[in-house]
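Note that the chains are named A, B, C and D in the order they appear, and that numbering of residues resets to 1 at the start of each chain.
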Amino acid sequence: MGGADATQAVRSGAAGAEAGQGAQATKRVGVVGASGILGGELLRLLLGDPGLEIEYVSAQSKAGRPATELNPHLKDAGLGDFEAFDAASAAKRCDVVFVATPPETAGRAVPELLDAGAELVIDLSPAYRLRDPERHREWYPDVERDQELAEQAVYGLPELNRAALADARVIAMPGCFATAILLAALPLREIDGITYDAIAVDGKSGSTGSGARLRESGAHTWRANVVAPYAPRGHRHVPEVRQALGEHGVASNGSPPRLGMSTYGVDLVRGLSVGLYSFFEGELDERTLRRAYHRTYRDEHFVRVQVGRGSALPLPDPKAVVGSNFCDVAAFVDQSVGRFVLIAAIDNLVKGGSGQALQACNVALGFPERQGLEALPVFPV
Amino acid sequence: MGGADATQAVRSGAAGAEAGQGAQATKRVGVVGASGILGGELLRLLLGDPGLEIEYVSAQSKAGRPATELNPHLKDAGLGDFEAFDAASAAKRCDVVFVATPPETAGRAVPELLDAGAELVIDLSPAYRLRDPERHREWYPDVERDQELAEQAVYGLPELNRAALADARVIAMPGCFATAILLAALPLREIDGITYDAIAVDGKSGSTGSGARLRESGAHTWRANVVAPYAPRGHRHVPEVRQALGEHGVASNGSPPRLGMSTYGVDLVRGLSVGLYSFFEGELDERTLRRAYHRTYRDEHFVRVQVGRGSALPLPDPKAVVGSNFCDVAAFVDQSVGRFVLIAAIDNLVKGGSGQALQACNVALGFPERQGLEALPVFPV
Amino acid sequence: MGGADATQAVRSGAAGAEAGQGAQATKRVGVVGASGILGGELLRLLLGDPGLEIEYVSAQSKAGRPATELNPHLKDAGLGDFEAFDAASAAKRCDVVFVATPPETAGRAVPELLDAGAELVIDLSPAYRLRDPERHREWYPDVERDQELAEQAVYGLPELNRAALADARVIAMPGCFATAILLAALPLREIDGITYDAIAVDGKSGSTGSGARLRESGAHTWRANVVAPYAPRGHRHVPEVRQALGEHGVASNGSPPRLGMSTYGVDLVRGLSVGLYSFFEGELDERTLRRAYHRTYRDEHFVRVQVGRGSALPLPDPKAVVGSNFCDVAAFVDQSVGRFVLIAAIDNLVKGGSGQALQACNVALGFPERQGLEALPVFPV
Amino acid sequence: MGGADATQAVRSGAAGAEAGQGAQATKRVGVVGASGILGGELLRLLLGDPGLEIEYVSAQSKAGRPATELNPHLKDAGLGDFEAFDAASAAKRCDVVFVATPPETAGRAVPELLDAGAELVIDLSPAYRLRDPERHREWYPDVERDQELAEQAVYGLPELNRAALADARVIAMPGCFATAILLAALPLREIDGITYDAIAVDGKSGSTGSGARLRESGAHTWRANVVAPYAPRGHRHVPEVRQALGEHGVASNGSPPRLGMSTYGVDLVRGLSVGLYSFFEGELDERTLRRAYHRTYRDEHFVRVQVGRGSALPLPDPKAVVGSNFCDVAAFVDQSVGRFVLIAAIDNLVKGGSGQALQACNVALGFPERQGLEALPVFPV
């Protein structure tokens, strides 16, 4: 495909940037499953990334069709036609391969790519997220995968697993909701003096959270102006959150809290918000809670702690992060009943998907972590 | 004002209906504070109500201006100009007076109307909802009111207080969120064998929930495409919910649950959804829980229990109740962690406001409860 | 099916209304193609209509499935399951049959129903709109129909064809855009002293204008936040507008104007707006133009002439007619270049579809024209 | 203010880019009127621009308040507080000053800045767009300005006036609608063999097109779900379009066409679309028309000619250009009546405002025209 050439053309304006990066050479990357929504977003980000060069773009069901067919915004950006998936070709031509297919496909594609010699595979699907094979079977009964790889895969939340990413061969990117929940909950590690045994999570998502598959419930006529409950008993991102909370020591009195989650579709295309609610025993003031957030995220560029003052949109809102890799978080205490409230908002396609995959890729390659991810939010949209 | 005459003209098509009601005479009603959003909605409903006749429409700040100025949809419906508020005139001309002003005004207007001889005053504001004077001062410090009336006022949720409404002189209509939460929670009275000590509530509201006052955060540019947290530590409808749950015996092990609530603005004009989440000890299966809902609402026309099957919008969603007085509810059990999930959706201006006020009025007057409220939801919008 | 019984239950509150209509008996109606969006809207309106009784509801592809499956808002309204289409049964059980199928089906269903003895068939599809067989073949090449019936069919715009409707056996309901354009243009008949040889029409439509068929371009992810041109060279409602303008004498200097139309999808579910722009020679002041509108629509309940004053939504806007059968129109003169501007807005599913079908039905049956159509717009939505 | 320092911090990731630009030094810029919507967008773009350094940010009514107060998306981006406007300080500290105030303020601020020694002032308001003083008084009666400067000012549409921009001291940036209309109409210069005497323009705009001033009609409750006509008799961007068409030779048979425009608010925050409709005499096929577009824009990076194939959003739609400086255009011929249709879509805040101002600035400074404007559209939003 013409991806490489075209990309060079597109990047002529950024040529200086590349030259200016000093000794760091650009890496060649491939995107498998590029006709989906996360795939399209990845192409957008890669076309603007001075450190990565698009070399390979495949989409099994659209092979031979122009990559702009589902990505009208990328018109004239230099993309060619989708290729059919070929593990050997991808592995040979690319330094890094991103897999943005459904998990049923990714479960097989990841080992095929590694067997064909790929050095680094970054899987955006849930195929390799759950280490425990029973848990995996419970939540993804139709997803066959290589269990050994699942145990090696690094869970790609850089704020949590930065060190481990450096040596990764397979990175299993977190789900969009899981990213927001984990970044909201992580500072709880620093809170002492209270006990809480359960956290209720309420998640709200835009329509891109459901992927590109056609469904009646996804038609504009049905999907606009809704607050549509789905997965009320529990969303499939719950087990990966439990796994990560357990591994990273978010616990009250030594045991991880019960975690339950219910989700809603709201009238957004892009964006996601989570609220975490927990009733506690003991004493906790809001200032103490917030300090834990500031401490945890002091050096994290992509996590912004909101304090609810000085702006017309003073709290985490997906509207204020559109197109960017930021995760906005805030924390409150409702003293009347002993309840803490944690809120996080992200762009589900960037920090909740393709942007975070680039961030993890940068860490794994030893690139500056923010490279290709400097875009400020487009606001208001 | 020309309301009465005009209304007659408007109702010529419904004249047969009135005649057909048998002996029941129509009652004359007034709307105080008719320039607000709830006031406009009340006018719409009253214009279509065969049992009630609009006799008096006031709006202090818009006196002398046409009532359609803020109600373009009511063009040519026969409304005249807004009057200035005059308690004596309203009391004399009307059988029932609805007060749809801000609570600061309603606190004084309600006793003035009664003193002037009004037989029934229905207050849509929060001025008379909280019986306990301390609680009232805590949440509404700027709202002066007549404490004695506050103790007599009937909380106007017909599904809860039908009997008491028959003798009411003052009806304090519930808040929009409170209506949805209480209808979601009420069947818990019938659940045995579990203990739960807290309920977390997550509320999502359209922009009409914030009234008509101009604010930057309410401008379309800022308010569209949001999931905007507000009142994260607790919404002011919480104390009235606690009061009603306590009075009506929703309790676990004899004590009312802790209740915490956080709310969000979503990109809806009209509509509201609440999720209630509670972790329990003991055994509860979903079928048992649902039976409690079906039993509680078997004879309630306006509460529809959803079971999540057989439709593209199978669960409570404000989209499926637009313009109607329905409250849709559903209940689930997440067995993985012992959590129950209760969801309710209403049109905040109808069942959460003006429609429920008509329903309470019908009960108080001995009219058929559904009179004027038969409209099916307009769908899809 | 249980429609009749159920409907009786639903209508118990309206029983007085029926009794009050004097001698007028209710008529039994059927809806063929009730699983589409216009079909669902027709069911909603019929359930609230005191003069018509639902007796038959069919949907070929959904036969045996509950009618609420695609109509969640009608839950508990007493509808049973969809039947398979059977012309004999429909004709026998119903006084009036509405056909809300795609035109390919309607082309055949209409004569079948008449052959089976139906007295009145009201076709919401475009199958019988264009009298001229060549024009029909040009715009609807796949729609076979009975040409003789096409010549008998009455074009069902009551404001244009009231007299002819009284004797109709087949009523061909206008397209949604055609309704708005014709009501905007009709008063031009009364304008003298200018010549104009062309009218450019710009149409904007919500997503329900495209029907219920699943398409990528109709997915919320793609369809939200658009101004999406479609049919830029000419919309298929153009020929029926030309036919009606010609037959009803809208002409400049004796010859009908050239008419060109381009259409856009906008981010609305329900609603439609048209702008008609024409450059003229001669003298025309706005007051004269508006007088023509007031004269034309003085006695038309469903057409409201807007003059752009005294309201926050002072001009025709689909937002101000949601759920109602109103068509709002306004007319302006741009003196700087000799241009007149006509604007009309409707709810495409009511005045642009199912509501107007009821209106035409009422006229044909000799019922009060507004019966079942008294609902005021739900505003704001 | 801390803008400069902060910006350096923010730009550390782009340092290589700056270094890589060869000898080109960055220029220091100021933004006057930075609390408005165009001002905020300008700050966003400047923060990502490797060639320009923010040195001065003023907002008279918000002086002393943090610049992020109205720009929540720019949190932590290194902006300080707004300064009060001071022409001398701005002129001294900056190489280029952007004026993004209302025109009443800009009319005076532009000459003050030049008098104080500013080398280049770029005015985003309409104060200096209309050269003819009578035309200016007619459309902007409240805007006092320096008429001499108005005659020197270069109309800042780079695709039209690239050469003149090189020597500009004052650049008057086009209105958002004017930009789209002119880019749609410009290729008509290359069309022979037809005559057309008038063009009707229909414009659709998101809510950011109306600026940040609070108004009832701009509240979400009122502004969502509309197709709201405004300025039906003619929009104030019409005279600048006429001026530019006249100066640049878009004419039929030697005389410029009559141009009339009507505009609508649609439910978009960001984005704008225009349709131009004209009936012609003579022969024109679509292929010929499109060739003129391809020829005109072959070398224009920011204008993309759409041909309506191969994508789910195949025609110019504001959705496909969000956050980018692209203008998408398409042209059609409706042979049935001899009508051509030109459609253009832009992001009103970027190509219709702040982005185009940067583009013009780049041309004036001799910088690469695309510098700081490489961002691809964020899609889908």
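Keep in mind that, in the parts below, contacts are C-beta pairs under 8 Å (C-beta built on N, C-alpha and C of every residue); 3 or more make two chains touch, one makes a residue touch a chain.
Bear in mind the structure is a predicted one, so any value in this text is a computation, not a measurement.
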{"item": "Separation of subunit D from subunit B in steps, with touching chains one step apart", "value": "1"}
{"item": "Furthest chain, CA centroid comparison against subunit C", "value": "A"}
{"item": "Rounded Å distance, subunit A centre to subunit C centre (Cα mean)", "value": "46"}
{"item": "Distance from subunit C to subunit B - Cα centre to Cα centre, in angstrom", "value": "34"}
{"item": "Approximate Å spacing (C-alpha centroids) for the pair subunit C, subunit D", "value": "40"}
{"item": "Numbers and ranges of subunit D residues touching at least 2 other chains", "value": "37, 208, 216, 221-222, 224-225, 267, 269, 312-313, 317, 380-381"}
{"item": "Complex interface listing, subunit B residues touching subunit A", "value": "197-198, 200, 202, 204, 216-217, 221-222, 224-230, 232-234, 238, 258-260, 262, 264, 266-269, 271, 273, 275, 277-279, 312-313, 315-319, 330, 332-339, 341, 343, 345, 380-381"}
{"item": "In the complex, subunit C residues that touch subunit B", "value": "13-22, 37, 40, 44, 47-48, 50, 65-66, 68-77, 208, 269-270, 304, 306, 310-314, 317, 320-324, 328, 368, 370-371, 374-381"}
{"item": "In the complex, subunit B residues that touch subunit D", "value": "37, 207-208, 212, 214-216, 218-225, 267, 269, 381"}
